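Listed after this line are the structures, all set down as structure tokens.
Below, chain A partners chain B and then partners chain C, in two separate complexes.
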Partner chain A sequence: MLDLRDLSVSYGNISALKNVSLKVEAGEIVALIGSNGAGKSTLIKTCAGLVPPSAGEIFLNETNLLKQAPSRRAALGIAVVPENRRLFDDMSVRDNLQLGAYSQRAHRSKMASDMAEIFALFPRLEERQNQKAMTMSGGEQQMLAIGRALMSRPQIVLMDEPSIGLAPKVVSQIFDAIVQMRAKGLTVLLAEQNASASLKIADRAYVLELGRVTMSGTAKELKESDKVRKLYLGGGAA
Partner chain B sequence: MTSLIVSDLIQIVMTTLTVGSMYALIAVGVSLIYSATGVINFAQGEFVMLSGMTVASLYGSMGWPLTTAIAVALVVVLFYAALLTLLTSILAARISLIGVLIITIGASIATQGIAARIWDSDTHRFAPFSGEDPIRILDATISPQALWIVGVTAICIAGLIWFMRSTMAGKAMRACSLDQAAATMVGIPVKATVLLSFTLSGLLGAVGGILTTPLTTIDANSGMLLAIKGFTAAMLGGMGSIPGALFGALLIAFVETVTVTVGSSAFKELPTFTIIILVLLFLPRGLVGGRNEIGLQHEDLTRQ
Partner chain C sequence: MSILTFIKQDAVHLNTARVALFLTAILLVPVVFGIGYYLNMMIFIAILSLPAMGLSLLSGLSGQLAISHGAFFAIGAYASAILSTNIGINPVLSTLLAQMIVALVAAAIGAVVLRLRSHYLAIATLSFAIIVELVIKEWSGLTGGMQGMLNIPAMGALGREATSDIQYYYIYWPITALLLLFALNLSSSRIGRALRAIREGEPIVDSLGIQAAEYKIGIYIISSVFAGVGGALYAHFVGFVTPATGSIMFAIEIIMVLALGGFDRLWGALVGVVLITLLNEYALGFADYKKIILGVTLIAVMLVFPRGLLPGLIDLARSNKYGRTA
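For the complex of A and B:
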């Protein structure tokens, strides 16, 4: 579904991604694990077209994404839950969800049922649909960011640290929702520092360190690897 | 005696509404472009001038039907708005927002010069839509054109607010002004949205020129002062807020009208410049509070 080939990105002379190759197959949840500054956000922003790569290619199915204007990519089936959520703060929950469907505005009739599906996934959003996005709690805002991404009827959602700053209970609520979404056929790339939570729900994972992929494998393999345990799961032997 | 005071009040209210409508059309336009781009467009008054001059020559002098003249004026203004969009978007990618602001002042001056060449430097007007006979209420006299101005402005601004709150295109414009990157990620074409904001601003200015020229006359150099009034009103109300711009415009028109009524028309421009200085110093977010915490987007001019 999503295929990154030898992707390199730099900001001026800071190199943020170095020859990163990564694949996400249809129906998978793939975790992208890395600490602060590893390059997770850069990878997602590059897929969204907000940052130009210096080398490499990105394919969504057969489409060369780098040849598509950034604002065209939502319509092609790629949705983003950006770092820090980036909601339209001053607008209502409902408006945020509607804008999520901007790329689908030709199929207006589906908007109501899509929104109902999102409300079923996150009932809190339905209760607060007329409230301004910025007045909601962190967890609710994250749910809204995910809901907004789903409104574009994406094939794949790229999520940038959805668990950040949230209480463990809220994190598991949100990750449960991600599993439910996958059950309905969605594909997810989940960038996270929170390795333990994300490896629980992921099928496969990549470890990103200083802009390079240093490990990859099934979530089970990575959970059992000494290095991941030591660096990302905060533990020694088990 | 009382009827005299009542008449004065009616006169002041009507003048405030009429003048305030003109300022509001410009202020809302300035605010719209600022929201979409962060640019303060000081060429905003040229929309008014171009439309007023076009209708004055086609309808006033050459005797074309009014509707045809208006249609041509709108086309002229839309073309001009598209040119300004192109100019400011090309520049905004390369120079600072303050730089673009100065370019819009340059564009305004250039437009004045070109207009003075195409037409001349004289004042122009054309016949009011519903004749010249004033309507009398007690001792107050109201020009029927003033009712046109207030009515059409109210409809335009109400329509714009409805558009921004209730249509997908309007919401997309607001989304762009809140967060361009997030807007791009949901598929909103930011450049098209910027063009739309210039187009709507241009139309508002054009409506202003077409409505007010019969009452206030117009000349090639009318635009700049109007732009400053609109900018002041938008700042006073809170840059980026449409209701704020409307409110600021009415307040400035009121202070101006009272100044002229109780003082002298020699002091007419004094309130605007006093207000702009006070607002910039003490109320950078304006009365209603625009979208930015610190008022105008702050740029560190010392850092190069």
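For the complex of A and C:
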């Protein structure tokens, strides 16, 4: 579904991604693991059109994404859960969700039922639907950012560190929701520092180090690899 | 119905009820107080509320101020005056046709200047206002130059023209109320929500599939047409237009209205117009100092209450009541 071919991105003289090739097939959860500064956010921003690549191609199904304006990409079926959530703080939960439904894929007639589905996934959002986004806890805000992405009826959701700064219990709630979303046919690319939680739900994974893909394989293979265990899973305790 | 279906229904009902109540009260005023000179002042309030509401829509939804609302008031006034006086189109039709001209000019200007942010937009629209004023003064074959245009037909159509203040009062206030209702509903609609999101300036807006540029040009056109309608109603009420109609001073007075009533409140814009009108009416003795008084007041308000005097005072009253909220 999503196909990155030899993608390179640089900020001035500093190169952030070097010849990254990565594939996500329909219905998969693919984890993108790496530490701070590895290039995870850059990769997601490039797919969303917020950062221009210096070389390479990105295909969504048969469409060359780099030829599409950022605002067109939502219509093609890409949704982003950005780093730090980027909610509209001063607007209500309901308004934030509705703001997810402006692309051509979202149908106004289905907005109410789409929102009901999101409320079923995250009941807290329904309880707080009239509250301003900024008054909610970090976990609730992350749920809202995911809900807003789902409102565009995407084929694939790109998530940038949804677990950051959240308590383990909240992280597992959110990751459970990601598994439920996949069960309904959604495809997910999950960029995470939290390797143990993301490898638990992912089918496959890529390890990104200093802008290069250094390992890739099924989640099981990576969980069992010595290097991943040592660097990302905290010694031997997987 | 289609425009209403995607607006929160409860918001529409509330807006409709409030505007209906407001209009009823306004229409009862002559019944209670009789016919008098104050009617004339009230008609000007109805007219001036239009550019003020237009600018309030723009600044409230997109967070930007334009200095072009005087120019669009002038274009609306002159276009309708020329169409009705020189070509003989009836004033109702010429008022509507003038808005098409206003919308076209606003679309052209908007496409160019809306790439600019904050005060750059103000400077660009100021240049546009200067050009419009120059064109009106110099193109005397069409506009009458410095003399302006006289004997503009009274508002009306099919041989029925308004002849007295009370008739204008009952024609103009419903128009103003209707446009107020439209503005309130627009603000709580899907379009208003998108514009508020764009105003927050997050790059995520693009990724959500919201076409920011189109929304910004759209609201600029709508906002300018409000000013254009005001101009046409003005021309057919007073019967003449001059280069002073919709001058840059007028544009600044509209900004002053918002500084008093609040930069993001449509009802506040109405309150601001009332305050400015009273100031103009009862501070006539200070006419020589009017520009100084307005300028100093504007600076003072902006320094102390950047959101506008009325919202600032409301916040102040609240914080005194509940203790400081910082």
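Keep in mind that, in the parts below, the second predicted complex is superposed on the first by the 232 of 238 C-alpha atoms of A that agree within 3 Å, B and C clash if a C-alpha of one lies under 4 Å from a C-alpha of the other, contacts with A are read in each partner's own complex, and residues count from 1 in each chain.
Following the convention adopted for this analysis, a residue touches a chain if its C-beta (ideal position, glycine included) is under 8 Å from a C-beta of that chain, and two chains touch if they have at least 3 such contacts.
Computed from a prediction, not measured in an experiment: that's the story for all the values here.
Superposition model on chain A: chain B and chain C are shown in a clashing arrangement. When the two complexes are overlaid on their common chain A, residue A:Ala177 makes contact with neither chain B nor chain C. By the touch criterion defined above, A:Pro82 lies against chain B and chain C together after alignment on the C-alpha atoms of chain A. Once chain A of one complex is fitted onto chain A of the other, the partner contacts of A:Ala74 extend to both chain B and chain C. Looking at the shared chain after the overlay, A:Ala202 reaches neither chain B nor chain C. Taken together, the two complexes place residues 48-50, 69-75, 79-80, 82, 86, 88-91, 95, 98-100, 102-103, 105, 148, 152 of chain A in contact with chain B and also with chain C.
Only residues 48-50, 69-75, 78-80, 82, 86, 88-91, 95, 98-100, 102-106, 108, 148, 152 of chain A touch chain C when the two sit together in their complex. For chain A in complex with chain B, the touching residues are 48-50, 69-75, 79-80, 82, 86-91, 95, 98-100, 102-103, 105, 148, 152. Within the complex formed with chain A, the chain B residues making contact are 168, 171-172, 174-175, 178-179, 181-190, 291.
Chain C contributes residues 5-6, 190, 193-194, 196-197, 200, 202-204, 206-212 to its touches with chain A in the complex.
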